[in-house]
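Below: a set of structures, written as structure tokens.
Both complexes below contain chain A, partnered by chain B and then by chain C.
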Partner chain A sequence: MGLELNFRIAPRTKIIILAIISFMVFNDVPMYVSGILVLIPFVCLFFSDYKKAAVIYILAYVIAKYLQMAVLPNATGILAIVLITFSYTATRMLPILMMGYYTIMTTKVSEFIASMEKSNVPKDITIPVSVVFRYIPSVFEEIRSITKAMKMRGFGFTFKSLKSPLKMVEFYMIPILISAVKTSDELSAASLTRGLSNPKKRTNLISVKFNKFDYLFIAISIAGIAVYIYYLCGGALIA
Partner chain B sequence: MSERLNVKDLITVGIFSVIIIVLIFIFGMLGYVPILMIALPILAALICGVPYMLFLTRVSKFGMVTLMGLIMGIVMFLSGHTWVPIVTFTVCAFIADCILKMGNYSSIKNSIISHGVFIIGIMGNMLPFFILKDAFMSAMRTSMGNDYVNVVAPFLQTNVLIVLFILTFICGLISAYIGKLVLKKHFERAGIA
Partner chain C sequence: MLKMENVSFSYDEMRNANLKDINLGIGDGEVILLCGESGCGKTTLTRFLNGLIPNFFDGKREGKAYLNSDLIDEMPIYEISEHVGSVFQNPKTQFFNVDTTGEIVFGCENLAMDARDIKRRLDDVVSDFGLRHLLDKNIFKLSGGEKQKIACASVSAVNPEILILDEPSSNLDSKSSWDFKGILEKWKSQGKTVIIAEHKLFFLDDVLDRVIFLKDGKISNEWTIDEFKQVNHRNIGLRQLNLDNLTAKHQDYYCSSPEFMEIKNFKFNYGNTRVLDIDNVRIPKNEIIAIIGKNGAGKSTFANCLCGLKRSCKGELILDSNTLNRKDRLKKSYMVMQDVNHQLFTESVLDEVLLSMDEENEEMAYEILDNLNLIHLKDSHPMALSGGEKQRVAIASAIASKKEILIFDEPTSGLDLKNMMNVSENLKYLQGLGITSFIITHDYELILEACSHVLHFEDGKIIDSYKMDEEKLKEFFLD
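== the complex of A and B ==
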């Protein structure tokens, strides 16, 4: 399949789609409106080596949607609240989370900076945002290793530790902050050697031109948002 | 605005935005318990004092705090809150920045007050619930069921909003003070504050 080999969309396209999807999640719309935009992250993940994540995502979404439509209108009690929580999270947040996951995992920092520079976004915004994209996964990695280290010394997540939640917060927060300070120093040194503070325009190896997939995806998502707005306005006019 | 921000400052802004955002998200998970959703800004205010105070030890130029507010707003927007947080975070961070400027970036009193103002920006995550109350309630009734709405509904009043603003501000002050103490206990000894 030639499609899989060439599938690569530009960072700007990813950000446009991310913005459009996050615009959509807040209102409740019927299936035929949101369906297109739900499928976009699935397609993106499926054709770029994240097949497992894509399948899990679509299964979770379908189950949640089914729960929401078929089970919940009649359910009451505590169980209902748990189910509601699950279906609400899955149907509202899952598309945007998966799109964010895809964007973070597949965008290289230099790619991101190159494409932002092309659309004339000032450096004061691109550098912090690229640090944010890069650093979010490593924070979670750090949280995982702190948990392991704490287990080794006998502070796990047990009932005993839940008695003093403030202490747990302290135990997690201090190492994260210390490593954050260290990381920021190291990153500054690294950026100095790469000449990021050079005021001249940078040259880039990677080309970030739009290809046919970009135009296709932007067209689909703009069509989706158009249907969405039409539905909202139409609904308002009827009501 | 006399001196421009250099790359080191920008990286510091990015790193600390990540820390604060991750903390807000982790504690935001508690929002799925109906009552706590309303109390979310207060929780966030209580948590964010320590990283914010550590951040301030590395701030000495006008614009860094404002930039951090903008970045946090953008990340909030991209993660499924509406566009409102971008505005509130930026405005609150700008005011906080001005307060810091008045204290010449070294006054402890001003840093504590500025955290109180800065953290009010998180109310932007809540404001849509209050402004679009009716539309939101009907949408919630279909998506989250009657039980949830019946629990949350009495809290979505204007005077609750005002109380929430004040409480968030006060909690911001308290947690900034705690942050100062933690800074003394852990970071100054380690030589990084």
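== the complex of A and C ==
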């Protein structure tokens, strides 16, 4: 790409945006109202080398919205139930999920610790949360590996296995929980030997100061949520 | 300088002591090996020296351990960490960061060093360890050897006088092990004290000064490196220090006239890169086959394709004149994974075996468990077993589901001699049942002990396929 944007937003901005977008869960609104908030994760992902994820996300959202607006009114019976479940979950949850995905994939652990310290969040909160950050990539690895193991045992995702979904959940959860306990134990031990419990204020090599993108994105998302709330209140008044 | 005086320790007061009456002095600049069978107490000893006992693991302590003139158990652990750096066995769980650069400076940041100072140290370790190409990468995407390099650089950045390594080479291939030796030599030349607890010894011989042999929590012997070279390592349950003189146990095939299976057209791409490219290869059936090659040579991809786990790999396996496609292979083959925790699903060992059967047959399940020496554990929860036992449960479930091809992914990483021999016995038992086993391994001693055929991978291709041949193997492992 010839265009060198150097796009980067601070961890705190990501969290603020994530919190604002989470309002989407509560209500379903037309696309021209939710538009700005829906586009924020897309823009963030697109300019941070997650172009494929960004495009898939926006397509999925548009399809879900289209189904909801154009197809659903004419659907009946089981089709309607499936459509409602799919389209409403997708339109409300997708933006939040994608913003969460973006936040986790693009925030370095040290960046996160630095920005929490800037906001004077105590270590007792910062450290466990940053362990979660650190642990998520390994959960993905584990899920892949467990899926492989299940296929080889002949109980992968098939119609037969879908009959007992609880069994499937159990098969995934037990190995993941066991390894989560082991990982967090070993990780805590390793970080202790590296001085993490030092009460002195940590040095942070990475600067987490706000830049122009941070102000821009916070402004845009506040504008987005303002439109959203205005519409909801207006809607309520009309009703 | 480190000193231990009459140190005893047990994690659990009701059980036997894990360390008994340890007296040990370690001078500045010494490079020391702690060795002994699994459970001999060497890891516990390292935890005493880096402060994890009593700061993380507690139990019943006696005796005194000094770092210079301070009592270690009276120092806060962050103060110990300025003097003692630790590298652990599992590369997955010793990183707090996801990016490499953040990880290297993590210790320095915790110790609140000056930012300019940290940058200088980062530059130093990057040039010392040759890491320029690994900066700002995702640690999860690195190979085992690269991960361990980052771990070493991270502790080195703090510039401690003492380095404590707990089985650092378990997950390394032979080339990375030799690279790792380079790191040890670097530290030695910088005058650092290095203490290594390790099973794999072959890459260590001329970097060590002294060897401490532990047995049942006691120091049972101490040697200088020259004395240690004369010791018969096998007799005291240790891996070999020098691999040159080992001989292969199975120069000939197990079967007097082996039949062959044929692998055809195994190709696989990641994105646009071809990572597996096999046109045609014949492999002896019902033998124990070693799969060797550097990290990233395509060994695991091959294993996944052979098991039918990669949808886009359209290759075929011709076995007993039947042509097996992907789905057929998924039924006939099974992989014993490196992290065997991921493939045990039920609440008891017996259930695990029954679950694998088309029709539950308890009698047969008992027989399988009996043969694998698991019958006394039939009601135990699989997750409560030891590593070796878990591996045997996975094998039992493969036998129960009548698999004909078994693939083992690094079955002996981090195992001592005795457990390695047990794995080798299991492989021979499977051979007796008519099963063909493939072993992806970096363990030269295991290959000589059990395997009768070798597949050598490089750049996604099988560059050599041969009946056991020590000279060829040596060329790969020891040069």
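By our rule, the second predicted complex is superposed on the first by the 205 of 239 C-alpha atoms of A that agree within 3 Å, B and C clash if a C-alpha of one lies under 4 Å from a C-alpha of the other, contacts with A are read in each partner's own complex, and residues count from 1 in each chain.
The working rule: contacts are C-beta pairs under 8 Å (C-beta built on N, C-alpha and C of every residue); 3 or more make two chains touch, one makes a residue touch a chain.
Only a predicted model underlies this, so the values are computations on that prediction, with no experimental measurement involved.
Novice: Look at A:P11 in the shared chain and tell me whether it touches chain B only, chain C only, both, or neither; answer first, second, both or neither.
Specialist: Neither partner.
Novice: First (chain B), second (chain C), both or neither: which does A:S22 touch?
Specialist: The first partner, chain B, only.
Novice: Tell me the contact category for A:T183 with respect to chain B and chain C: first, second, both or neither.
Specialist: both
Novice: Please work out whether A:P41 is in contact with chain B alone, chain C alone, both, or neither, and reply first, second, both or neither.
Specialist: neither
Novice: After superposition on the shared chain, which partner residues are touched by A:E141: those of chain B (first), chain C (second), both, or neither?
Specialist: In the superposition, A:E141 touches chain C alone.
Novice: Applying the touch criterion given at the start, work out whether A:G224 contacts chain B, chain C, both or neither, answering first, second, both or neither.
Specialist: Neither chain B nor chain C is touched by A:G224.
Novice: Once chain A of both complexes is superposed, is A:Q68 in touch with chain B (first), chain C (second), both, or neither?
Specialist: In the superposition, A:Q68 contacts chain B only.
Novice: Report, in rising order, the residues of chain A that make contact with chain B in one complex and with chain C in the other.
Specialist: Dual-contact residues (chain A): 130-131, 170, 174, 178, 182-183, 187-188, 191-192, 196-197.
Novice: If you look only at chain C, which of its residues touch chain A in the complex?
Specialist: Residues 50-52, 55-56, 76-78, 80-82, 84-86, 88, 90, 92-99, 102, 105-115, 118-119, 138, 140, 154-155, 158, 304, 307, 309, 330-331, 333-335, 337, 339, 341-345, 355-356, 383, 397, 401 of chain C touch chain A in their complex.
Novice: What does chain A use to touch chain B in their complex?
Specialist: 15, 18-19, 22, 25-28, 68, 72-73, 75-77, 80-81, 84-85, 87-89, 91-93, 96-97, 100, 123-125, 127-132, 135-136, 139-140, 169-170, 173-174, 176-178, 180-184, 187-188, 191-192, 196-197
Novice: Using the touch definition from the top, list the residues of chain A that touch chain C in their complex.
Specialist: Residues 108-111, 130-131, 133-134, 137-138, 141-142, 145-146, 148-154, 170-171, 174-175, 178-179, 182-183, 186-206 of chain A touch chain C in their complex.
Novice: Can you check the complex and tell me which residues of chain B touch chain A?
Specialist: Counting only chain B, the residues touching chain A are 5-8, 10-19, 21-23, 32, 34, 47, 50-51, 54, 58, 63, 67-68, 70-71, 74-75, 77-82, 128, 139, 142-148, 182, 186-187, 190, 192.
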